[in-house]
């Protein structure tokens, strides 16, 4: 999240879209309700289905799954047409005034540079015009037709109320009501925020939905202020931490880019990854990229990483340029029999991955599978699943018992970036040990095998620093935590010319902030954003329990540690005008007192941007320091555009002739069937979780009091559709998609209502995805038998939220 | 007699997270049963011997056509004038010192009288134990100055408990603040209940919630009129016999033939 | 008994320091008897408080576990009142957090192994399992290792092993898995953040 | 139901639940009830404090005069003496003597307060000699009178202190240490109850009120199996304990002092284990 959970209380309007906060983030919803109690905040819930969140919000607006960009695009159009945007903020803090390169264009759903064969864009026309000194040209009057502001206005002028209503199924009155109420926060003293979750990420256009909201927040001046920002209410306890440490194919810990094959030397890699900005007022903080990357290599290979061998750069695996290795790609390759071994740690892909039938077929082709978890689940028992003959499955399966979270010490990051330390309350039952301990044991054994027998390319394995055990040979969590924070590898003196300070650090001492990491190999840093979680004297800031809150905004600066450098709200310099005076004195997040910032930890020490000599723009991580209305970083275009889901009810996209997201990868094999606008599968379907269960249910289905309240799989069907099909409430039904079928109980409800889409009535149904065949016995199997293998163009996050099904009596 | 305790259920703050259902079973160590999905979030479907509190889900469209999803926490209302206590022959159901209705399971003989008498259909019979069970407002917890398990677990403040007058004042203030059809339910019948609701809709809208519950007429007739009258009569008989003894000495057996049948009560 | 005073203390203990109940003629024998009875019946339990964080959604609510120091077992888990996010309250799943401890009989306790073509689990010990896994990892990596890609660029990739999980483990464990996977040359690395 | 009968109910309830403390609680009952009556009679006074000083940990008593010229010490001591007489028959004679002698010449309470704490024993021994009674009796009545007035004054400062987020282990009103902690059952929040003026303030569950030690894993505690409410939290650094009513709600009105007296057995158990109380009171000195 750009902000954090408690900050929700500071909002005046909270749009909950793509989330069901009351059911899945009840304590976050408590802060949302507190905003209503304390400052009369308006709570708006936009969701295909009426849920408990809708019951407690001011009003609920149903929309068809997969049309979020159309809905939000209409709001951008409304904001620009009615001049609701925050002029001072947009002019100074976004790239609205930049001039788009002359070769860039958008026509009939496609941006310039599209290669239909490869379904990829080449981005060389998505550039901004620069002056002689290499600094982007700017038209501060925002009148030049080629300036980003006017291009944005032209692009979204197509999202008229009629068009958006016809795509989303939302009445024009409801659209205007939401647009008017939310855009009212485009003023100095009002804050609007948005809460989203999987409702937005589970789409082929997921990243662009979130970007559309980011554009809205920039236009209304809601980014970087208390009670503003775009807040992801994420589902897993340490999804933030696991994303920060990047157990993800595309990144190394600290969101460093994974090297690709064409960058065969460290110099080439660093040159490609280190952005350059000639604008003196752009902090362009990623110019320090080499410090972070080299420090990471030193933390991985220790003293084996030397200047001569490029700090071990060659040992790292390289991805093929443009290739992707996400979960869906893994199961494609596994299904083709090219993956022999799998580690499945604390996860249940046999229920939670899309297209379950293909996933379970793929698992059968493994030679071995190592599972580490606290309960058994469908993945580890795939060999005795429904329709599987164990005698035909050759896979060796290991199920290693792991400690649960209260049975081990360590840190966990909530999605407000608070890294909190947990203590060990009790020993795990039986032989269970922490996953960290299992990882150390297995890698240690592999290292010993390679040391004894040699093997293919043993260097990275042998040179890996792996001494994270205590005297008794057990996993030492503090050693790892400090390695993540980073150390000085030799006596170092740090001088600060402005503050005229000179501090000395001894070899082996902890690095107090990532500003002090070096690119010459004299420092190690397992994850640069976590540098500073320990003080130079070794105090573990993650254990802090300070209750003071001087700003009164609920920042709690001395409670645990928030990366980066304990900053609680990101881009908080944007909460002040260019002279550093807070836009909203009533909610003062930050203020420039002439020589320093007071309040939250500022986004960098530099003075406000009005100081032409030393001042910096607020968005310090961006190359040009300003919020990106024009965002060339995205795969499918610098401006968001509505495309229909891979499998939708319409044969033609009402806005352009591009039916689906042109940059989405299509997986072709016999089990990846798709049936769009097909009368065999006439109803839009979405999936979600329920309050009593959590994610795949692999933890909660084993708890009988929770199971008693939600015992088995059900499908929620609108009462109009149920009448049409003669389905009675509580009756067993079959839900079928082009890929598979599930049997479940019909829940006839008024909370799903038919939509009128392009003049046609379209029904929508929905199922939870928390059930699996292993337990309870007849509680229903994975809903993902229905879902397609397709993912977001940027992140490959699967499209669980919109596909087509049929429903019939069992 | 201590200060009367009242539990307030503010249905307008409830998000049906059902933490109270789990907390009740955890504290009273009641086993979970294997349930089916009958087409509703509401599960188990009704109060039962091992389910003393239950969130009822109800989809409702008001007269102006607005859709609402109503959640109501069902369970014993702890009436001041309790039909179940009136009919309970063994004293298992009794008034506690806080005015609530306590239940001593050991004394229960499983006669199920209370189950048919209760205007709210709360007491539930268990075949295995041959006893009835119902919420006793965690009498054991209240006596050690703890709030009931459900109140402790409620994350949204929908459930609160305290002295009767304070909670009534709070309920009426909340109803006024909500406006519209919001009303307070429970203090107007059966002598006032020790569990009161703040409802967003009129009472008759809610399923399984009687419009004006009362102790069944038959019980009133039997328990409040006939029984005292019969005691009076019995008293009179004994007084008469005693008077006779004093004035006429002991009654000789053959004085009048119909002694053998004895008097019906 | 010496009273150490600290900082701004101006008033010593209440109701007169140095006055004992017994000196006021109060019979303390029943209290003493009760105390001794509790000791004899081993009713005095010693326990510790341990603060932890909930393992369900990402709000990061604080919890306090009360642990019996004799048996080492957790006997109560409640919301952490000092935690600024949840202020002591918990949602339905958080309140049921106790059911994830070893009080839940379905918790995995033993290393289990399924041999090829077998239809049941067998119990094994850690050493056997770790060595067997290490053997499989090495053989699979060596057999399927890709030094150069089709264009002849050095890639050091092991495409025949995948790594899934997890966002339900601690940061330190995530970093170890991330670094281990890269040292082995794995590229198929993902977890729940993707889904 | 009046405040007095509520408190009486609470005290009777405690005697019923903890029969082993019957003698001690019954002895104090008249004094506790008399104190409650006085707290209703004494007229409130408007609080005068500086939030900044409170934030720095300076208690109210160091900022302003808590005792006022108009305080009716004479009447308070007279009524407390007779109440004490009812409670402690062995000392009835002494308490009656106090009543008769101060009727002749009132006790100069203000001098006593001025000399406190340096020469409190001197004042007590001098005046108990003059009255020919045991010093314990005079000390008991005098401190109970002071506590009565302090308890009343403390109630006015409640909101002021809440605003200052007081996070010290000693009392924000009178600077004494707590003799009882209450862990609220709903939120798990810990409140400390002052041994000297019964003021209650929020305090972290993890730190030690006495020595401020921030044990990362929180304070250990002892409890009675089957009756987890009766517990005592201990600090291994300063070897102090604080009796704690664990997991209680304020459902029915309570008298904290009566509860403390009724938990004297916990004091005995903890002192046997080598811990010392954070504050010395009549009922925890054996």
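Observations
Each chain gets a letter, A, B, C and D, in the order it is written, and its residues are counted from 1.
Criterion: contacts are C-beta pairs under 8 Å (C-beta built on N, C-alpha and C of every residue); 3 or more make two chains touch, one makes a residue touch a chain.
Note that the coordinates shown come from a computational prediction; the quantities given were computed from them, not determined experimentally.
Among the pairs B-D and A-D, the greater number of C-beta contacts is found at B-D. Put simply, the chain closest to the centre of the protein, by Cα centroids, is C. The mean-CA centres of chain C and chain D are about 40 angstrom from one another, to the nearest whole unit. Centroid to centroid, with C-alpha atoms defining each point, chain A and chain D lie 55 Å apart. Inter-chain spacing, taken between the CA centroids of chain B and chain C, is 43 Å. Counting partner chains per residue, chain C shows two or more touched chains at residues 50-51, 82, 89-92, 96.
Counting partners per residue, chain A has 26-27, 30, 423, 545, 547, 691-692, 705-706 as the residues that reach two or more other chains. Residues of chain D in contact with two or more other chains: 186, 204, 206, 217. A complete topology is adopted by the chain contact network, contact being made between every pair of chains.
Chain contact summary for the complex, chain C toward chain B: residues 89-92, 95-96, 98. Listed in rising order, the residues of chain A touching chain D in the complex are 423, 543, 545, 547-548.
Of all residues in chain A, only 22-23, 26-27, 29-30, 33, 50, 52, 54-56, 690-692, 704-714, 729-731, 745-751, 776 touch chain B in the complex they form.
Taken in their complex, chain B has these residues touching chain C: 17-19, 22-23, 26, 153, 155.
Residues 19-24, 27, 57-59, 61-62, 88-91, 116-117, 136, 139-140, 142-144, 147, 150, 170, 174-177, 179, 184, 186-190, 195-197, 204-206, 210, 217-226, 228, 264-265, 268-269, 272, 276, 279-283, 285-286 of chain D are the ones touching chain C in the complex.
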